[in-house]
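Across the two complexes that follow, chain A remains constant while its partner is chain B and subsequently chain C.
After this line comes the complex of A and B, so read on.
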């Protein structure tokens, strides 16, 4: 799978961990989004951080620098398609 | 990962069935919301709320119950939340906006009932929504025939109090509504064990007015061109306002408004200047009903305002804060709530006036009048809406839809043609 067609999801044990890393990463101007965790990444609900392929290296550095707690990082083919027209 | 299964099981939910909703929500939210570019930073809060939609807020409500508090579920803008909060309770919106809940609703209601009612009843009887399980009491109202009968079904399973809505707006109808609010106060006092006093009612009036002011600030920013916030994001903020803690709701909406006002000063928009601007009017869009807004905003236009229960009606008009007695406060509540212009009233010229006013205020290039299938009231009122808009030279498109995906492509074609026609 080409890197540009991939997205990364940072998964957490709880939302407190997720919000802490989100704030740390955003304070450094790195582009990430809070996302519901895709089912293919985990059967548990809750927030994850959606990171593009161009930013994942920086996010990994942030995790290391801040010693942020997290569960794991999952690489997935791009999940988002605005023209899928599947609502819930 | 956050695991709420234990909490859901303790609520008596059908966790296996609920899991199907958990499986599709991330995809729908990603496609609809996370596909947008250049969103305001402060939308992250709302993304977080959706990501934890059946976890964080339900857990807060359960904590409130453990401390002896009550949670009352509501379905309509006419129910005065102030009474609930004054008595130390929490009011939370319960309307269902997902097709997922409709089949369970159809087990106990006729199929030709509007999807909002079917989904709301389905969420309770199917035991697939924590909010519907947590609420200690439901507060219904007589805004339409479908709802009136739905309360009878729900009352077999959960305590329900029904407020008898006036159908007209004469002075005696406002008086009647003051009486209904009084009856509601008595019910809430008995249920919570707490008295509604002038002081705690004043605090609740101020609390909810602050929420209305904050939501109004965000909406005011949508009058700018380029518009600094998508219609989808504004809709999400409104949907969450129905069940979030009101103080936090105001705080987060004010933060968003701060950012939007800065964007306007910087000339920074989420759509290019000159993008065709749509006012949406009609039936409410309960969470997670994002279909229409998504279709409009992926068809070359932007939604700049919603004249509906999940739009301006929710925050326009404040309750007077300078009342000297509790009787005056009740009168102020009734007057404020009776200013809402729902299609359940006859006549309902106020709604037509609102649509025309908002179309001008928000500089709408066109209006989309949307009707949830089987909502007779809004469907019938569509004729007057169309006539008034055409008289003013404002293009209008009437649409009927439900929560399914099946008409998405057809709607996209019609919306696309409408936007193209706007020039």
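After this line comes the complex of A and C, so read on.
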């Protein structure tokens, strides 16, 4: 799967862990979004951070620097066509 | 009639500025649950909850992660969690002689299940005999739990000496800060605590129905939850998650209460606990000085370190009659009785008569102390006539 067709999801045990990393990442100007955890990634109904392929390396650095608690990172095919509705 | 609220040991009043507004904001404008969905309102609520965990950790110098700040319905719940979640038959616990029933009643249950309990002796002035403490430690001792400040006499427990011994003997030390949190500084890291229980509605100036337990990693690992259930995490499993805070936060949390507590913590940071401690100490010293020569007994002695809690025993009068007159004639609100602490009153020699408790808070003034002293003088004088 080409890198540009992937999205990364950082999975957590709970919202507290997720929100801590989200705030840390955002405070460094890195664009990530809070998302429900994709069912294909985990049957747990928690939150995840949706990270584009262009930002995943920086997010990994943030995890390392902050020693953030998390479950794992999964790569999934991009579900939403980024060009969708562009010319509608 | 003007009212003078001197029952801050029961619950603080008024609450910190911003508490009511924060709770109303949540109820009226947000409403979303936390730890479940990820839409913006839910995450906005979650960010306030996380902020409250961080602020509380900072206030008490807790070195652990925010996940180890566990919200509870109050200090009583937290103390039950610590006691019932860590002790089992054949094990032993050491507590102080001035404990509240929030500790003594769970211990009565645990005693019936085979847990042994020792109390660190204290004299009738409330002075704890620290030298005896080390001799109470047994091979089966699993926990030391003490009240930081007595809810009856206000006496501050000699924590540093006990903490040092616990550290040397590798014994977990848990602190009930029901009467100290928000009133005087707390140093979780410096005292090497394993657990700290706080109510949100007393010195922390938040609403009722919210409190917290802060847990060290090692102690948390051996603690069993009191209540299990949904956490919004690991929903595929019917077993309680191991990670924190989920392991100890089953069910929907008291989010309005946490919003109120968060606002109170913001205020406490701005005002400063040391500043509040100095203010309340000044009021307490003035009050104690003004009682000199009156026909009454100050429980716990007058010279000892204390928070803003002073219990008086009016030996020539029924304490209930004094409390009634204080309210009826002067609008002064106190708490009369045994204060849910029969063990403390026995230690202080005031069982079963109890006492009239005056407890000062951040909002009380020197003028209110003077008016209270004047009222007490008049009541005592009336008795002499």
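Here is the rule we use: the second predicted complex is superposed on the first by the 80 of 88 C-alpha atoms of A that agree within 3 Å, B and C clash if a C-alpha of one lies under 4 Å from a C-alpha of the other, contacts with A are read in each partner's own complex, and residues count from 1 in each chain.
Methods note: a residue touches a chain if its C-beta (ideal position, glycine included) is under 8 Å from a C-beta of that chain, and two chains touch if they have at least 3 such contacts.
Source: prediction; values computed, not measured.
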Between chain B and chain C, which makes contact with more of the residues in chain A? B
Kindly classify A:56 by the partners it touches after superposition: chain B alone (first), chain C alone (second), both, or neither? neither
A:79 in the overlay: touching chain B, chain C, both, or neither? Say first, second, both or neither. first
Contacts of A:46 with chain B and chain C, given as first, second, both or neither: both
On the A-aligned overlay, A:69 touches which partner chain: chain B = first, chain C = second, or both, or neither? second
For A:20, decide between first (touching chain B), second (touching chain C), both and neither. second
Quick one: is A:10 in contact with chain B, with chain C, with both, or with neither? Answer first, second, both or neither. neither
Based on the superposed arrangement, let me know which partner A:35 touches: chain B (first), chain C (second), both, or neither? both
Mind sorting out which residues of chain A both chain B and chain C touch, each in its own complex? 13-15, 19, 34-36, 43-47
Show me the residue ranges of chain B that touch chain A in the complex, using the header's touch definition. 1-4, 19, 21-32, 34-35, 41, 44, 47-48, 50-56, 98-100, 288-291, 294-295, 298, 403, 405, 408-409, 412
What does chain C use to touch chain A in their complex? 34-38, 43, 46-47, 50, 53, 65-67, 231-236, 241, 243, 245-246
Which of the residues in chain A come into contact with chain B in the complex? 11-15, 19, 22, 26, 33-39, 42-48, 50, 71, 79-88
Touching residues on chain A, where the partner in the complex is chain C: 13-17, 19-20, 23, 34-36, 43-47, 69
